[in-house]
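What follows is a pair of complexes built around chain A, which joins chain B in one and chain C in the other.
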Partner chain A sequence: MTFSRDGRDLHALRGVDLRIAAGEIVGLVGESGSGKTVLGLSMLGLLPKSARVEGVVTVDGVDITRASEPMRRKLRRSALGAVFQDPMTSLDPTMRIGRQVHEVAGSTAEVLRLLAAVGIPGGQRRLRDFPHELSGGLRQRVMLAIALAGKPKLVIADEPTTALDVTVQAQVLTLFRRMRDEHGCAILLVTHDLAVASTVADRICVLYGGLVAEVGQVRPVLDHPGHPYTAALMTSRIRLQADRRHQLPVIAGEPVQPSTDPAGCNFAPRCPAATPLCVEKRPLLTVVPAQGGLAACHYHAGEDVARGLSRVAGLWGPSVPTAGDGGVTVRRLSVRFPGRRGLRRSEPFDALREVDLDVNRGESIAVVGESGSGKTTLLRVIAGLQAPTSGSVVLGGAGRMPQMVFQDAGSSFTPWLTVGQHLYERVAHLPMATQGERVSEVLNRLGLPAEVARARVQQLSGGQRQRAALARAVIEPPDLLLCDEPISALDASLAATVLNLLGRLRRELGFGMIFVSHDLAAARLVADRIIVMTGGRIVEEGPPDNVVDHPSNPYTQALLASVPQVSTCR
Partner chain B sequence: MPVRGVVSPGSAGASMNATQRYGARMRGVGVLERVGIVVLLLLLAISLAAPLFVTDPVISVGPAFQPPSLQHLLGTDDVGQDIFARVMYGMRTSWLSAVAVIASAIVVGGLIGLVAGARGGWVDSLLMRLTDTFLALPGPVLAIAVAAALGASLRNTVIGIAVVWWPWYARLVRGEIRSLAARPHVDAARLSGVSRGRLMFRHLLPGAIPPVIVTASLDIQILVLTLAGLSFIGLGAPAPSPELGAMAARGADSLFTSPWIPLAPGCAVFILAVAANLAGDGIRDLFDRG
Partner chain C sequence: MARFLLVRAFGAVGVLLALVTVVFLLQTAVPGDPVRASVGVNASDEVVEAERERLGLDEPLPVQYATYLGQVVRGGFGESLRTGRDVRDDIGAFLPATLELAGFSMLLAVVGGLLIGVLAVVSSRFATPARLLFVGGASVPSFLLALIFIYIFYFKLSWLPLSGRTSVADAPEAPTGLLLLDSLLHARPDVFLDALRHLILPGLALALVPAVAIGRVLRSSLIEVYRSDYIRTLHAKGLPPRSVLFRHALRNALSAPLTMAGLQLGLLLGGVVIVEAIFAWPGIGLYLNQSIAFSDLRAIAGVTLVVGAGYVIVNTLVDLAQAAADPRIRL
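Now for the complex of A and B:
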């Protein structure tokens, strides 16, 4: 399938064969740009008009990409269901949820049955709630109830848990399995997270650059990956048991551009095991003897690549937090968001309650918690972007402003300015001659080509955006770097790259770091000390291995239990 | 739109030159809208160049009440002035007055909206209540009042309209700035230590320009009609000067004897307004594709 946009062809999918059997859960894994969402949409017959489709997508015996609109509607109603990433935008905000489910379900009894089936407590009362009155997890359950109402043969779930907290994610994933067992519907679970796919799926399909890289039964594929990309995803994923002394093994390079159409294997430019044959000839899907799945690699070099990557991953130097100047001291910090009166009444909300925190110079702290725990508010107060209600934040050192890396690196750049303009802004106080030097120095340090300075952020790939955001933060090394969920939306290999970068930069430049995350595994790797927050309070604090191995607080234990893990035999 | 994000993570537009990009954008604009843009540009060019190829509109060039002929393309009026020349000059005046009102509205309204949106708090409240006060004034009535106070002239009519026009732009720009200000890139810029002025003019204002251009292009049509209407009821330049509304009013008496006298300026207003409207739609399509 090819998209045509702005007069150019963008190859979103380049010839994908995938069969989903009745009652099967298939995990569709790939990084952003791999074509996984497009594949999901094409099965729903929801592609935009600019898409040029070659090949067929057969749902229940009908090619949905070429069917007439009434036919497609009939198919969607009778055979398909969909769950998208953000339930707030896919539910109608002006309609009570009871009615929204009723539209498909047909009777109130059926609505109640469905809501109970997806685990929404309080049945009858909930019918009159509007979507905004529900939590994220409940909204996603409503979406699932709607998707199931038409008794579909196939449910397509596009990143259904990415926007949810980890504990809720675990519940929703379990729900998917139960729905399959009870309703017998097949599920296509589209996700960037290998661990999510491996916890629920029967089969896994790895997409890379619009092509199937590997497909097969979950356990065998992950134990003996045939394709180097699958292997790279496996080795670079962030595990609770990972060795903290080593850097994470990562695969270098950028994903294949959708505007190009390489003749050979589209993973070859990044593949450590690539040979001239790989560049000339595109490999076909062939059976991997070790596991019985299919992989598109001439050599089925997955396991070799995995071993190679782990070998080259370097050791970390010591991280040296030193007491004294340059840290930050937070005392009895509280932030209360006042409620509203009148028509849109809301209660006041205490985001932070008397928080005390000391960060030494050069120390790395991870703050772990779920949404609403106050972790982001804490960052914003330290950054000076949010005024505290009471308490104090004292920045040590020369009073340099802390820098911040945002969750979505792309949105932290002003869209109409070039990356270079953002970088120069940070060094505007230096003499002209030095400014240019500093910009090229920082681009070099982060492994970015010089052209990036002339590009706007929309023109960069996901990995380049992350690097550019880091470049902006460290062009003048700050005393303190604040990271707000910098890896939560990235696929495994990119997340590992960013964690490696942060670790390297902080050792080279000696800044302290506060790393906010919901992911204990990532926190354990980057931090000298972990802080667990919930309800605006710090509930646990300690060295990473202590917190992870011997959590004392029940909340930390719950967080740990819900970290999705790739279960392999090894 | 998830599809866009997925198919173009790379360099959308990076490898295209300006002409290709322009061509690709224009493809999203309908035929009628393109005709509108072309007609509008043509009318603009002709009327700006009017002094070069038509006679002076206020002198008598021949006998009165002449029907259209090769010599006088649209005939002559009750005092023997060439109607074609007067219509050309009239369109020129209409255009320039409309542009003058919009330009002043963008500058004044844009600045007030920018400051109100970027600063927030009591500055915002103060500026917006001021804006509301002006919004409450009925446009044509104020124009009449200004004309009554300062004398009827084109300049005073334009001032009268401009006074009530800017609040719309102030509201529009403020709204855009408010929504931009909540985006992470503004926080990021603040942390980069940029000055308040730079934050407003480099990181906020450019984001509000597209909707302002779209509104402005749709406003031209309304202004052309408003100005013609005010001039029709006698609020505009005094008698001999060529103004479409005044010409139509003066010629209304001879509608049945010499229909070309009122119809020519009337049709000119009509064509100008339709072309401006279509062009405005076209420009909106251009930016919405954005």
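Now for the complex of A and C:
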């Protein structure tokens, strides 16, 4: 599958073979840009017109990439179902959900049966709800009901739980499994999260740079990965049991550019076990003796690479929070969003209720909670982006404003300015000569090549974007770095890289950090102290290991129970 | 909903009060003496003063203002200097013709706008003409269009009549005053068709610019909607393109074009005044034109109020339509 953009060919998929058997759940895992979404869309016959396709995608005996449009529609209606990432935007906001399901279900009785099957309580009453009247989890269930209408043979679910809270994610994943058991439909679960795939899938297919790196039964593949990339995903994943004293083992380097077409292995430039053969000759999928799956590696070097990575992962130096100047003191902080009148009316909403928080100089705090818990509002008030309704925030230190890093680093840059211009903006008050030094110093510190300064953010890879955002934040070291879900959209190896980077930067530069996340495992690794929030209040606070090993609050326990884990024999 | 309408009604009263005040104050700044003009240049000073006294124009300004407001509240607009009748009755006589023309043009504008916008998105053949239309149509004033239309369709092609509402002498004038409606009520298809032929040129002249504006906004918001996730869901459901467009995309794309429609239809009410003069259309626009020549301030104020009220009503209807299109908007 090749796209043309600005006269250049972008290779989204480079010759993928994949077979999904009836009633099978296949987890399709890869980082952004690996081609996993394109592969899912190609099975639905929903590729943009500019895509050039070689090979075939046979659905129910028909090649959907070359079928006529009416034929494709018939296949989508009868043989296929789809669930997409964002339940907030994937349903028509102006149509009642009953009708949206009815469009494909055909009868009200069938609509009610489907809604009941996907666990939407209330039956008849719900039919007249609009999407905006439902929670994210319920909307995703409606999507699933639509996907299941017409008894499809295959449901393609593209990151179906990424936009959901962890507790809801667990429920929806269970639902997928049940749907397969009850309806017998095959499911292609596209995800960047190995743990999500491993909890529901029968088989797993790892994509890297538009090629299948490894495919096989979940358990054997994860226990004995044949491909170094699979191994890297396994070792660098952020686990609740990871050793907090060590840095996370990661594979350095950037994913293969879609505009290039290397002769050898896509992964060779990043692979610690790469040999000249790897650069010259593209490896084919061959059976991995240890587990019976297929891996595209000349040496099936997965397990060696995993051992090597774990060995070289460095120890962290001490984190030294000190009381006094440079911290933050939050007292009885409340934020109420008033309801809106007139068009688009809404009820008032208490985002924060009398929150007290002290962050010492150089201390790293993780604020964990689900959407609506108030964690992001707390961050915004401390950053000065949101005025408190009552209470106070006192920033210590030399009055340097805290800096922020966001989940979507790409959209936090002005699209027409270069990364360099963003960096110079932050040091504009310094003498000209020093500015250049500071820029090259910070790029170096973050492991970014000097060319990045001349690039616009959309030319960077996902990992580079998040590092560029960090560079902008720390070019003038702040007293406090505020991170809003900085890793939740990244795949395991990139997420681990960013966590390592945050840990290193704060030790080198001595700033404090507030790390907002829904992920307790990541929180445990970056924080000196974890705070759990729900409903605008802090419900639990303590050292990471205490919170994770002995949670006292039922809400924390529920969060912990919902964290998807890769269950392996090791 | 009731609350929304109540708030709107209060707002309307405020707008109209401001209009009355501005128009009323303007008469103090008007050069010349309308009263002398109305009784004749040769009339004696006594006659002029008597007329002035009869009309209450000799009172101090605040008293005149209060008297006028009192009249308006009771539903009258004062006596016209030109016709000698209450302005309310004059407007009552001229308004149906304007309502018919404005209503017809608005219908043309909205239907035309929808058509242009949808065609520009779904038909590749129409894409280029649509672009030309968007550039050209946005920059032509309605009076110029009127003159061009007259030149082509009346002088050159003789397809359509030049002026007036009808050329049938015994056209029915009751009960509504709307010719299209009255002719149907009296079972006179000849009058209906004749009235329609008379409506086309002024209607097109008024409707083209708003139609193009609405179409352009609809096009861009439809394109936006087509990029959204839920449209992808609909394709994945296997819906045919027609259902995707008419059942889903169009309704979601309506918000911006409706806002544009409110703005344009308000402007259209202003354009009526000029277009009526060009086509000798016997509506309040023509009445206003003649009244301006006489400095007939009561008449001018009356028409201004009626047009102002029309503006408020059109925009309220647009807001209601917006709420009907988007369930997330609750009035």
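Keep this in mind: the second predicted complex is superposed on the first by the 568 of 570 C-alpha atoms of A that agree within 3 Å, B and C clash if a C-alpha of one lies under 4 Å from a C-alpha of the other, contacts with A are read in each partner's own complex, and residues count from 1 in each chain.
Following the convention adopted for this analysis, a contact is a pair of C-beta atoms (placed from the backbone, for glycine too) under 8 Å apart; a residue touches a chain by one contact, two chains touch by 3 or more.
As the structure is a prediction and not an experimental result, all values here were calculated from the model.
Asks: Identify which of chain B and chain C touches the larger number of residues of chain A.
Replies: After superposition, B is the partner touching more of chain A.
Asks: Mind working out whether A:Pro402 is in touch with chain B, chain C, both or neither, as first, second, both or neither?
Replies: first
Asks: Does chain B (first) or chain C (second) touch A:Gly226, or do both, or does neither?
Replies: neither
Asks: Between chain B (first) and chain C (second), which does A:Met143 come into contact with in this model arrangement: first, second, both, or neither?
Replies: In the superposed model, A:Met143 contacts chain C only, not chain B.
Asks: With the two structures laid over each other on chain A, which partner does A:Lys74 touch: chain B (first), chain C (second), both, or neither?
Replies: Second partner only, chain C.
Asks: Given the touch rule stated above, what does A:Glu103 touch, chain B (first), chain C (second), both, or neither?
Replies: second
Asks: Quick check for you: in the superposed arrangement, does A:Thr37 touch first (chain B), second (chain C), both or neither?
Replies: In the superposition, A:Thr37 touches chain B alone.
Asks: Just chain B (first), just chain C (second), both, or neither: which does A:Pro93 touch?
Replies: second
Asks: On the A-aligned overlay, A:Ala82 touches which partner chain: chain B = first, chain C = second, or both, or neither?
Replies: second
Asks: Return first, second, both or neither, reflecting whether A:His132 touches chain B, chain C, both chains, or no partner chain.
Replies: Second partner only.
Asks: So which positions on chain A get touched by both chain B and chain C?
Replies: Comparing the two interfaces on chain A, one with chain B and one with chain C, the shared residues are 84.
Asks: In the complex formed with chain A, which residues of chain C make contact?
Replies: Residue list for chain C touching chain A: 4, 228-230, 232-240, 243, 247-248, 251-252, 319, 322-323, 325-331.
Asks: Applying the document's contact rule, which stretches of chain A touch chain B when the two form their complex?
Replies: Residues 3, 5-8, 10, 12, 32-33, 35-38, 41, 47-48, 51, 84-85, 158, 255, 257-259, 383-385, 401-404, 406, 408, 411-417, 421-422, 425-426, 428, 455, 458-462, 472 of chain A touch chain B in their complex.
Asks: Any idea which chain A residues touch chain C in the complex?
Replies: Residue positions touching the partner: 44, 46, 70, 72-78, 80-82, 84, 86, 89-95, 103-104, 130, 132, 143, 146-147, 149, 342-345.
Asks: In the complex formed with chain A, which residues of chain B make contact?
Replies: Its residues touching chain A are 1-16, 20-21, 23-25, 27, 183-194, 198, 202-203, 206-207.
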